[in-house]
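A, B, C and D are the chain letters, set down in written order, and residue numbers restart from 1 in every chain.
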Amino acid sequence: MVTATVWNEFRHEREDDVVAEQYPDGIHETIAEFLDERGFETRTATLDEPDHGLTGEVLDDTDVLLWWGHAAHDEVNEEVVDRVQERVLDGMGLLVLHSAHYSKVFKRLMGTSCSLKWREAGERERLWVVEPSHPITEGIDEYIELPEAEMYGERFDVPAPETLVFTSWFEGGNVFRSGCCYRRGAGKIFYFRPGHETYPIYHQSEIQQVLANAVEWAAPGEGPDPEYGEREPLESIE
Amino acid sequence: MVTATVWNEFRHEREDDVVAEQYPDGIHETIAEFLDERGFETRTATLDEPDHGLTGEVLDDTDVLLWWGHAAHDEVNEEVVDRVQERVLDGMGLLVLHSAHYSKVFKRLMGTSCSLKWREAGERERLWVVEPSHPITEGIDEYIELPEAEMYGERFDVPAPETLVFTSWFEGGNVFRSGCCYRRGAGKIFYFRPGHETYPIYHQSEIQQVLANAVEWAAPGEGPDPEYGEREPLESIE
Amino acid sequence: MVTATVWNEFRHEREDDVVAEQYPDGIHETIAEFLDERGFETRTATLDEPDHGLTGEVLDDTDVLLWWGHAAHDEVNEEVVDRVQERVLDGMGLLVLHSAHYSKVFKRLMGTSCSLKWREAGERERLWVVEPSHPITEGIDEYIELPEAEMYGERFDVPAPETLVFTSWFEGGNVFRSGCCYRRGAGKIFYFRPGHETYPIYHQSEIQQVLANAVEWAAPGEGPDPEYGEREPLESIE
Amino acid sequence: MVTATVWNEFRHEREDDVVAEQYPDGIHETIAEFLDERGFETRTATLDEPDHGLTGEVLDDTDVLLWWGHAAHDEVNEEVVDRVQERVLDGMGLLVLHSAHYSKVFKRLMGTSCSLKWREAGERERLWVVEPSHPITEGIDEYIELPEAEMYGERFDVPAPETLVFTSWFEGGNVFRSGCCYRRGAGKIFYFRPGHETYPIYHQSEIQQVLANAVEWAAPGEGPDPEYGEREPLESIE
């Protein structure tokens, strides 16, 4: 059984009524709940817990970590960032949600600024599937429509995704690479654009389906555990 | 349950004693047997059957097709090649084995010559895993050693694989991209180099494991079935 | 000096007044002219010439071939397709323009159906640069706007491009991977979406700039000419 | 004219007689000299200079930075690493040489451990070209042979290269992805494996040719300079 830990800043929901209405117990609880319903073992962790809730013990028991952050990226401790990066390189899956494009964890793993264009105008978004054979698209139609979304637009300053699964169209005239798969070390990473805190996006069933698919896809496998460092020859050398 | 159809020319085994000793019932039966033992529903098809054993009905009931050919690529009917290509684009998985790099089916799907260097000198091969997070490497060590192999060497004239999983070292001084993943249409393709007819390669357990992993990986999913052609606008146009 | 051959069906321009108004001497002449002005040695070839104007001699003297076709893909001779494919694999560059996504040449080199959604509604298109470090974007702004365009929409059934340079936004709600780079054999291929015959798209300076950049990029280099077939070992084998 | 800055730790050459014999004035001087002979404007910078020789002013005037480090990666100041990363994202090319796989700069831009297997046994290496259409292979044969080399072996813990240009064969039984291209931000990065300090590798003409080609390839272009942050809509929103 795949174990998912949902991490959230959990600030907006306590400070902003509009957000609290969408996610009364926090975005993390909403996500954990629908993943639980889909058969994953789930746990949550938030910024204001000790170690941000991400102790070595918690991560030891995490197959896939979901990360939602927005306003408090800077408050995330470098040691926790180190720990998460290390675990990803060791095989833990990572799902980076919406505004977490700017999280320390994602920037660390990408090596780029992860900057983008944005606009909050409640405009329509349509996520088109461009790679229908990818397991993250299971059960999804040709596109997902979000009636109201914050806009994220290109240029998105990330390395070209190893697989580009979704591309977004926005009413205001922009496009965006919205579903991006990466491998880093032994770990799989999926960036998924939708998810603003003031829209009911995580209550939409297709979004829930994509995230469940992505947890399944990102879960660590049983591939080899490479050894590094000095090594004897396997063949005789003249 | 994933259904695999193993296709083989089935000529060498009937014409050459050395091959017959390795694969008395044909390479296809050996492969079908170990896939069957690993829980796949299997079937075989061979060149000299009507339609090469690959009728529309058989392909309708095939999740993943494995293809072994060597001496009789030219005898494969263009109509069957059309049919296999079409099914791959519709989502059927395809595993291309060893000398099938030169099959009409593979060349059709790659668009290149699929040429390579080769040598039959019974030399040692070592396949190194370069992408340990890929599901095709499940249960495999850092490398697979083949005591005696035909050599295939770069330049291998294929499109750069979307994921390069294995790279081979050969005793005689060559290297080769030995495990190459592609997506074509809704279908997944895996080219796997090992498998010469005069060596007991398909009796080796790691090779069996890789092929079983690859069948699992290449099986069609439940992603969207895109519609093509003329389409009405989804938004109003000025 | 890079030599470019511009191939065109040259049917629409002779049969349809609207097209003839945009391209009185044919799309090929317009393209050849602006490439010539940008310092390339240019030549044209059309469907109704013997060998479609693409004899071995002409291709011998072509660094980059540009291909525009639409209504008469089926009339292109298989031998000419073979010849063009072979030359691309040998290093000739190929620029595939707009409706040539459905040309035999492109389908042959891609191995897929190259299908897509389309609509002719004179809608606005905006091509966003997603890879600003690619030489094909030299001198281009963040996006190119086409006031009126035929729509091409995802899913575009091609292999994932090795580099995705442009992504299009369409007024009617669709997106498209509009600038796609591939390598096949020793040849470089660029698919570029804009270019419908009834709009003045090839008269637009940014489009001309992109095509000139692409000719420069796709021109063959002086890399090694790989040898294929049986090869002696480079090291002693036990 | 492309301007290249060659950075070197410049420690081995002053402390170790074997190295000093190969590179009496330092590896940086040898590299700068052969780049200069090939028509680049060159400059050098070393660890023990103020700011490691890499002030903002120097980087302002650098199209491509070459980086050689080995024993003193830890002594490189984080501020300089920040500065170099930022410049790469802004378009400066970066060539990462041999043991600089473990440099802070490269690890920062890759997001992974950049670990590998290694062995110093003076064994033979053969770098095979796997992508002969790439400009970095201009003027190179099908392979480059190094009579004596330090071994670097897979698993090399880097993101899959966007283009894999070279793959190495080693006498002792290992393989390695030896020539790896990446884009990060607007910058191009090339990792090139050969170059140990105790072997005359940078005196070998094919190695010099590859590095000159790579400087040319990595030089910044004139693509768009993307704008980030909040943006007005380009289309009216309902």
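One rule holds for everything that comes next: a residue touches a chain if its C-beta (ideal position, glycine included) is under 8 Å from a C-beta of that chain, and two chains touch if they have at least 3 such contacts.
Note that the coordinates shown come from a computational prediction; the quantities given were computed from them, not determined experimentally.
Of all chains in the assembly, those touching chain A and also chain B are C, D. Path length between chain A and chain D in the chain contact graph, taken as the least number of steps between touching chains: 1.
Between the two copies, chain C and chain D, the Cα superposition rotates by 180°, quoted to the nearest 5.
One inter-chain figure worth recording: chain B and chain C are separated by 31 Å, centre to centre, where each centre is the mean of the chain's CA atoms.
Between chain B and chain D, the centres computed from C-alpha atoms are 36 Å apart.
The set of chain B residues that touch two or more partner chains comprises 124, 126, 129, 131-132, 142, 153-155, 160, 162-163, 171, 173-174, 183, 185, 224, 226-227, 234-235. If you check the complex, the residues on chain B that touch chain C are 85, 89, 108-113, 115-119, 121-124, 151, 153-155, 157, 159-160, 162, 171-174, 182-185, 224, 226-235, 237-238.
Across the complex, chain B meets chain A through its residues 91, 124, 126, 129, 131-135, 137-142, 162-163, 171, 183, 185-188, 220-227, 234-235. Residues 126, 128-132, 142, 153-156, 160, 163-164, 167-170, 173-175, 177 of chain D are the ones touching chain B in the complex.
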